[in-house]
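Per-chain residue numbering starts at 1, and chain names A, B and C are given in the order in which the chains are listed.
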Amino acid sequence: MTEIDVILILDLLGVFFFAMSGCLLAARKGFDIVGSLLLGSLVGLGGGVVRDLIIGIVPAAFSNPLYIVPPVLATLLVYFLFSHVERFGGLLVVFDAGGLAVFCAIGTQKALEFDLNPVSSILLGVTTAVGGGLLRDVTANEVPRIFDPQDVYAVPAFAGAALMVLLDSLGWSNVITISAVAVAVFGFRVLAWRYHWQVPLAVQGWRR
Amino acid sequence: MTEIDVILILDLLGVFFFAMSGCLLAARKGFDIVGSLLLGSLVGLGGGVVRDLIIGIVPAAFSNPLYIVPPVLATLLVYFLFSHVERFGGLLVVFDAGGLAVFCAIGTQKALEFDLNPVSSILLGVTTAVGGGLLRDVTANEVPRIFDPQDVYAVPAFAGAALMVLLDSLGWSNVITISAVAVAVFGFRVLAWRYHWQVPLAVQGWRR
Amino acid sequence: MTEIDVILILDLLGVFFFAMSGCLLAARKGFDIVGSLLLGSLVGLGGGVVRDLIIGIVPAAFSNPLYIVPPVLATLLVYFLFSHVERFGGLLVVFDAGGLAVFCAIGTQKALEFDLNPVSSILLGVTTAVGGGLLRDVTANEVPRIFDPQDVYAVPAFAGAALMVLLDSLGWSNVITISAVAVAVFGFRVLAWRYHWQVPLAVQGWRR
């Protein structure tokens, strides 16, 4: 298996994680199965499409038919496996964290490959990571999780993207370090959610 | 009249249909005439702009000044013809169905022309078809019609895009078959709305 | 200082104005400082990214690391300077008007440079000008200011873009006229807001 195959598999995994978060939200909001497929596709593929448009290539989701598999799989899994809904909220956050983690690492890596400067690469990594979830929440008329002051959402993506740039500048960017960064971002995000970490508000001294 | 001219006229017709749906929604929400023009333009041109960006060309709406005509026309028609508002809802759905139908056929056709694979062509056809309406509803702070479980919205677009790919693979793709597919999608969509067809919910066995 | 430097500085100024409007809205909605940075970046950079994607170039925000400075600056300014919030609303409108004015002039200018036709250049100027604010309001779940019938928002952008096309066709397009158009659009917009100018509603004869 070449390095490129592994990157493709990681990318598809990220699509699947975000698609699951979209389909779970669709289920919670009482959408039908087609709405579930559409929201899953939008969330799973949206961040990567924006990333590829900015880089200036035909989006992977529209050049490789494999990319339709994860959203279809997520729609079917949610349809057949979830007849009860008690734990939707937690599961949604965990799958969302998986998508955030994978897309942050791969988005930054792809930016560096296409010779964007380090600052822009971090920006594109974060954009890819938070883009899908932002589209999901805006489309489903939810307050975007990214703006929830009770939650630390984007900081793990910033940290992961910066780490990828550092590793790349040291010549240590490969499949193993990319996967390690994704795992670290995932852990950071899930811990931040589980233990209610917070960052200061937009205005100093404002009381919550 | 060449084949390309007919495709252009069809595309402008799709822009007009979606622009009408945008201007009617603007009227219903009490926007002013400039907001009507902006929402009509966004809905009419948005889906095609996304389509062309993904294909990787300068969007038709920004290379051909003719594309501004349908939104202006829709704004003026809504301004002068609708002094009463009782039938806005139904008209909005019918115009929206027209846009969906035309853009689904033309979007898929354009994807095939630019050598996207069949699966991606269907995906792009559906994206073009549902994109404008999604932008309309999200922008105007409505729950997107696409996610309404009481309504069958995207299925006709999926069916139409798949049919276009089939016709193309048989070498039967031309102006007449494109128009026929658009008419069929329009009929399917309007019937589904009129007779309250439904598809299963995102989760099996969930009671409505 | 070359002409290109001045255009870059103007563009960064536009990013800063819109970023301020985003960070002020983030403060008003009680977002945390990371949400403030993200919303400021989205509003400041969003319109220009859409503009550059439509023209078909790698977005300036992702090729020049300087573009990250205005959003960071805006986030810090709002964090340290605003401990009281009484005048947020007015300030937000003024900064938003600054972004609208600068982006309308530069967006139209950039479209003309890349040989778009006059009609499309006006359309792109208006898109660039209103795009950031639209993204801001939709993302933060507000009714977009652009659609507020009590307010004249897009007309100054239309007027400014048309004026830029006129000046360009006369061969009078340079840094001074671009700046003058931006100042005029800013004044028009602020006056319209201050004195509650209005345009007719989307439907003739509809009572407010």
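Rule of thumb we're sticking to: a contact is a pair of C-beta atoms (placed from the backbone, for glycine too) under 8 Å apart; a residue touches a chain by one contact, two chains touch by 3 or more.
Note that this is a predicted model, so its numbers are computed, not measured.
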Shared touch partners for subunit A + subunit C come out as B
Subunit B turns onto subunit C (C-alpha superposition, degrees, nearest 5) by 120
For subunit A versus subunit B, what separation do you get between their C-alpha means, in angstrom?
29
Where in subunit B do residues touch two or more other chains at once?
53, 138, 141
Can you check the complex and tell me which residues of subunit A touch subunit B?
23, 26-27, 29-36, 38-39, 41, 49, 53, 57-59, 61-65, 68, 75, 78-80, 82-83, 85, 138-141
Using the touch definition from the top, list the residues of subunit C that touch subunit B in their complex.
53-56, 111, 116-120, 123-124, 130, 134, 138, 141, 143-144, 146-149, 152-155, 158, 198-206, 208
